[in-house]
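The following pair of complexes shares a single chain, subunit A, combined with subunit B in the former and subunit C in the latter.
Let's look at the complex of A and B:
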């Protein structure tokens, strides 16, 4: 007999998903003006979870008007009063964390281990953190009594549905703005549960409005003339479109877009921990992370040794039921995304990069992609340049620190990077030269509400999180 | 690794080559190591997997008594328990060994005669190791002559911390020689006293290079003994050592592992770090005295569905 772990699926009974949901406008769940609905499914099983109202232009207008009306009272509240609501929301999120974690895993396909241990604690932490800022804005370094912008139109992606919501809504509310938020069409449920939490917290009507829908609804939010601030996290292509739409208006804009993060491993790195960091860097959330360490830059002298360790480690990754606590790799979020990952990986192979995956059985239903390594990759390969947004790691080598920096920076993106070395002075020297919004040293994919996050170049502009994150929602 | 199997034979040629080799080993990032150990601790082991893990853990226990007050009677009782840990259920596997001081080896040997249970003895001036080499070697020879199957030696931590790696190496080589062909050698580092993870990795390699059959965390006599993190680190070391030399070395965490839950977490570490090849009492042991009773109670609970309590297992 071998040492098999028993399946340990988290119970679904803790979450009660209704057969249908409306749009959340002015404190009420309402049907879409044109009555449209769409289905949201579990990517791990393709089971339909619920039917959700689909927002159109008229709904966006309704929501923006509600937010505008609410803005007057909300922005006039003393900071300490706004903080009270935010603290209340944070506490309710903690109380309902298990329920929300299961819900998020069902709707998104990511492992419960991640929603339970990473997403939800961070969601609550963001609300707590910005609740703390709400009555201290005068001391945040943006001048005396900085003013809110007004109605914030926010469009968020499907990779961290609730966490991205928290990143957007918490600072917006703390600074006195009201919100119209459009969650991604594949993952609307946790945002709708959040709407319920807003009601549970007694948040005044219209302060938060949630509009599930497709790209057209997002475009309508961005283009609405009465929206003062646009915040978007998602693909670079859509980000560019938004920038075009917003250009020439008085709207403020922050964009968090794609990335092709370099994870640089020097020959004196703590190898075993670096391997863990590489795994966490690219296989966390099936690589569907904008700041994923999708390019591994390894010093040539330790390439073989590191790759051996990495392959051995990948062979222990457990892919399967995302609700099982032992699962490391869950499902890809949608058929569309799976197709994109598959196409890019095939292209990598066609271009001559060497493809490797551990022996790994994929479930018969749902959207799955085995963890994949590409070696013999050069800067010219598509898999080294394009954001794949999936569990695919491209391995490149370098000989000197200068070469590592040059290769790391040789990308249209600039969101994240990692440095692995036991030499502190090298960490500082290299980090200073990397054109990336976040540089992790001897770790990867670590998030904290106090730490600003944002990119350079085609990874976007503006910062979320930390004191810096307030600036995007204040008239400064 | 900074070297190849070919050059490993020259590593102990001199003080400086040995130092260069040990200091050339990859560093250990404490935060990352502890995070990995903690995340492996969350694997869920239930029902059949748990039953298997508990029996495996029982078979890996080195049932230990290392007290100044040990008597032949106590050692005989320990031996009897090692052979039949649960007298009410003869399907319970025997433990791997009983671990006693050298003067009790003969008694222990009689107590486990006819069974698979080995007799291990902590020789080399356990637990401080502060005695002349001649005394330590005499200690080992006596234990082996009395029939010890395994010798648990402590390294000279003072010499190690002073950077006298060659001295430590030579001592291990000498003790290994004293063990002869009949006894396997477990080298105890007293990881709590080595204080850094880098030192623990160096000590692991030093021990293996000098011929250790097992590397063992600690004596159980200091404040910090086996932890998931230091055991994970040593498992990485034996895994890498085998990859380089083809030689497999066992691992024994000792001290502080008291519950079945803890023991199972260690088995997960073994499974996911060194691999299945180490999931056997020839290659992995628990140095523990109170762990066995908790394993037995959990075993009874799995068999009967009810939790029996400490009066339903034997005290030593």
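Let's look at the complex of A and C:
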């Protein structure tokens, strides 16, 4: 029997979206120099939410100059004073969490359950965590009185718009840098609301500048000669391009790029928990997560049992209105991303992998993709190699721990991995051998501001979070 | 009594624990600071560079998997062997860098002490840069440093021995394996270091020493898909930029050239430059919603 759920929509009345927004430069909302604007839409309904100024090269230059000017005073502030600004920001985020969660869900398409329970608490926590570092940098292990770098140019993706902003801005400000941040073109709104939080917190003008725009604006931020530090989260292809751009300069660079995380389930794993972990690992945020567990490696002897459980569990996932509190799977962020996921999944089928989705009705408007499972996948299949960045799980099998490790490491990426087994020595041995920056054992997709995050190999370099995250913004 | 005719030494590369000549069969003249002929050094080819990467990759698993204590013991053994060849290196450094006997001896002493310094770091760096993270949840969460893999090292051009050791020792102390391009003008101390390493319990392939034209050898290393990081210490600005661009292809970790006084005790930057941070999470107690517990 199936349960019927009554709709449980979160009210969108709490958030007041203006018909248009400017760029946030030197503490003011301003129009783009060339007057360009673009529309941001709700991916769940294709409704136009607002019109946003589109930054170009001239705007980047203006913002960098504002940040440079602000740097002198901001970096000279006693750490304890900078800390208080960050604590204020953290508190205001907590106060406005509901508003921001609804806004993020509208602009991004992810379920309110996730923005409310995962994104926003983590956003506030990041500001709290790095606030406390601002007056303790001498004790962070980078030698006495480490210095900030200057102007940080930061380019962030659309999958966790406000959380990625927090990961970038909190450590930058705590260490005394000023910021020019470009949010993604499909999700500019929460960053613009953050500008208002900076205003409420009384943050000095020019310390944070927000430039909504497209890839060209991001490229201009990266290439600007007066930017001292570049931080980027996004695709590996763009990350390589950025690494080429900053080559031969003195700009410090950190990159958080793609992944093809292996989630390894051994025959003695707690099956129910593993199934929950697999679901969270690949269907959290519609799989639009760089550290998603997109390759399931199952020990051959439990493959049937595990897949039965997994399919049963997938059949209970609820896809639909992201603002409904009972929704598990929201909308894909953009038409472009949906096309990419669709093409890769079709390719998986064409290459002979077996495709399965639960019975699942997709809404008639907006961008949707049903949770999808591929079995009979080999390492040569595209769906086992390429990052899909969508709710698509590829299932491979193995017989021995060595084979599991070899398969898990058989990718140019090295961001995340999962291990499911009741045997402690096996967890530690396998975790040791995996070439990945984050290893979740008997859990998956856990984040915390105190915990360093970042990749090996082509998943990028540098770490965000924790004491390690300070290094990217200090002259060390 | 007639003057004894000295025996010349044929300098060779050090790759995979063996001493090959360059596969290209080429050599180039190495002279002292006054232009007097010292030896013919092997002029490595792209193929030598690739062979060295293969050797370094092969050695990586065992070297990175060795205990930090064991790596420290072996590094210290290198210092012991260097001490025994103090006079030889003083002569070579004096010739290479045009230093007086006493100054060259001081450089060699500083170099041996540098090995000892790094030997002591192998089993301490993890405690300095790793540790437990107090996450807000019922999880055990530990970050530890791990070697990044095969590191290509463009050794400093002017400091043929102290500079060389200052860039090679931190790479292998942390468990990486290295392909080192010796100073183009003064490669002999580096090639002799290979002989020391070969007799110091250091497994073959952990350090591979190439001599020749820096730009010619560095280019294939920077572009090599199985090299994980590159130290550009001895590259000039133009070459460094070119190598950094090539390194972007597989997102190698890049340590840019920087002004360094090799006589100063180094910080830990060169150790951490070639380390990754791995963070492992595990639940403590409750295993989640279904209620299973410890």
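Everything that follows uses one rule, which is that the second predicted complex is superposed on the first by the 473 of 476 C-alpha atoms of A that agree within 3 Å, B and C clash if a C-alpha of one lies under 4 Å from a C-alpha of the other, contacts with A are read in each partner's own complex, and residues count from 1 in each chain.
Note that a contact is a pair of C-beta atoms (placed from the backbone, for glycine too) under 8 Å apart; a residue touches a chain by one contact, two chains touch by 3 or more.
All of these numbers come straight from a predicted model, not from anything done at the bench.
Visitor: Quick one: classify A:356 as touching subunit B (first), subunit C (second), both or neither.
Guide: After superposing on A, A:356 lies clear of both subunit B and subunit C.
Visitor: Go through the superposed model and pick first if A:270 touches only subunit B, second if only subunit C, both, or neither.
Guide: both
Visitor: For A:29 in the superposed arrangement: first (subunit B), second (subunit C), both or neither?
Guide: A:29 contacts neither subunit B nor subunit C.
Visitor: Thinking of the overlay built on chain A, is A:214 touched by subunit B (first), by subunit C (second), by both, or by neither?
Guide: neither
Visitor: Just checking: does A:460 make contact with subunit B only, subunit C only, both, or neither of them? Give me first, second, both or neither.
Guide: second
Visitor: One more residue to check, A:8. First (subunit B), second (subunit C), both or neither?
Guide: Touch status of A:8: first partner only.
Visitor: Considering only the touch criterion stated at the top, classify A:436 as touching first (subunit B), second (subunit C), both, or neither.
Guide: So A:436 only meets subunit C here.
Visitor: Between subunit B (first) and subunit C (second), which does A:326 come into contact with in this model arrangement: first, second, both, or neither?
Guide: A:326 contacts subunit B only, not subunit C.
Visitor: Of subunit B and subunit C, which one touches more of subunit A's residues?
Guide: Residues of subunit A touched, subunit B against subunit C: more for C.
Visitor: State which residues of subunit A lie in both footprints, the one left by subunit B and the one left by subunit C.
Guide: Common interface on subunit A, subunit B vs subunit C: 270, 272-273, 276, 442-443.
Visitor: Write out the stretch or stretches of subunit C touching subunit A in their complex.
Guide: Subunit C residues touching subunit A: 128-129, 133-137, 139, 141, 143, 148, 228, 237, 240-241, 244-245, 247-251, 253-254, 256, 267, 269, 276-283, 287-290, 292.
Visitor: For subunit A, which residues count as touching subunit C in their complex?
Guide: Listed in rising order, the residues are 125, 141, 143, 236, 239-241, 243-244, 247-248, 250, 255, 257, 270, 272-273, 276, 412, 427, 431, 434, 436-443, 446, 448, 450-454, 456-458, 460-461, 463, 466, 468, 476.
Visitor: Touching subunit B in the complex: which residues of subunit A?
Guide: Listed in rising order, the residues of subunit A that touch subunit B are 1-6, 8, 113, 268-273, 276-277, 305, 308, 316, 325-326, 422, 442-443.
Visitor: Per the contact definition, I'd like the list of subunit B residues that touch subunit A in the complex.
Guide: 1, 26-29, 31-33, 35-36, 42-50, 52-53, 56, 233, 236, 243, 267-268, 271-272, 276, 279
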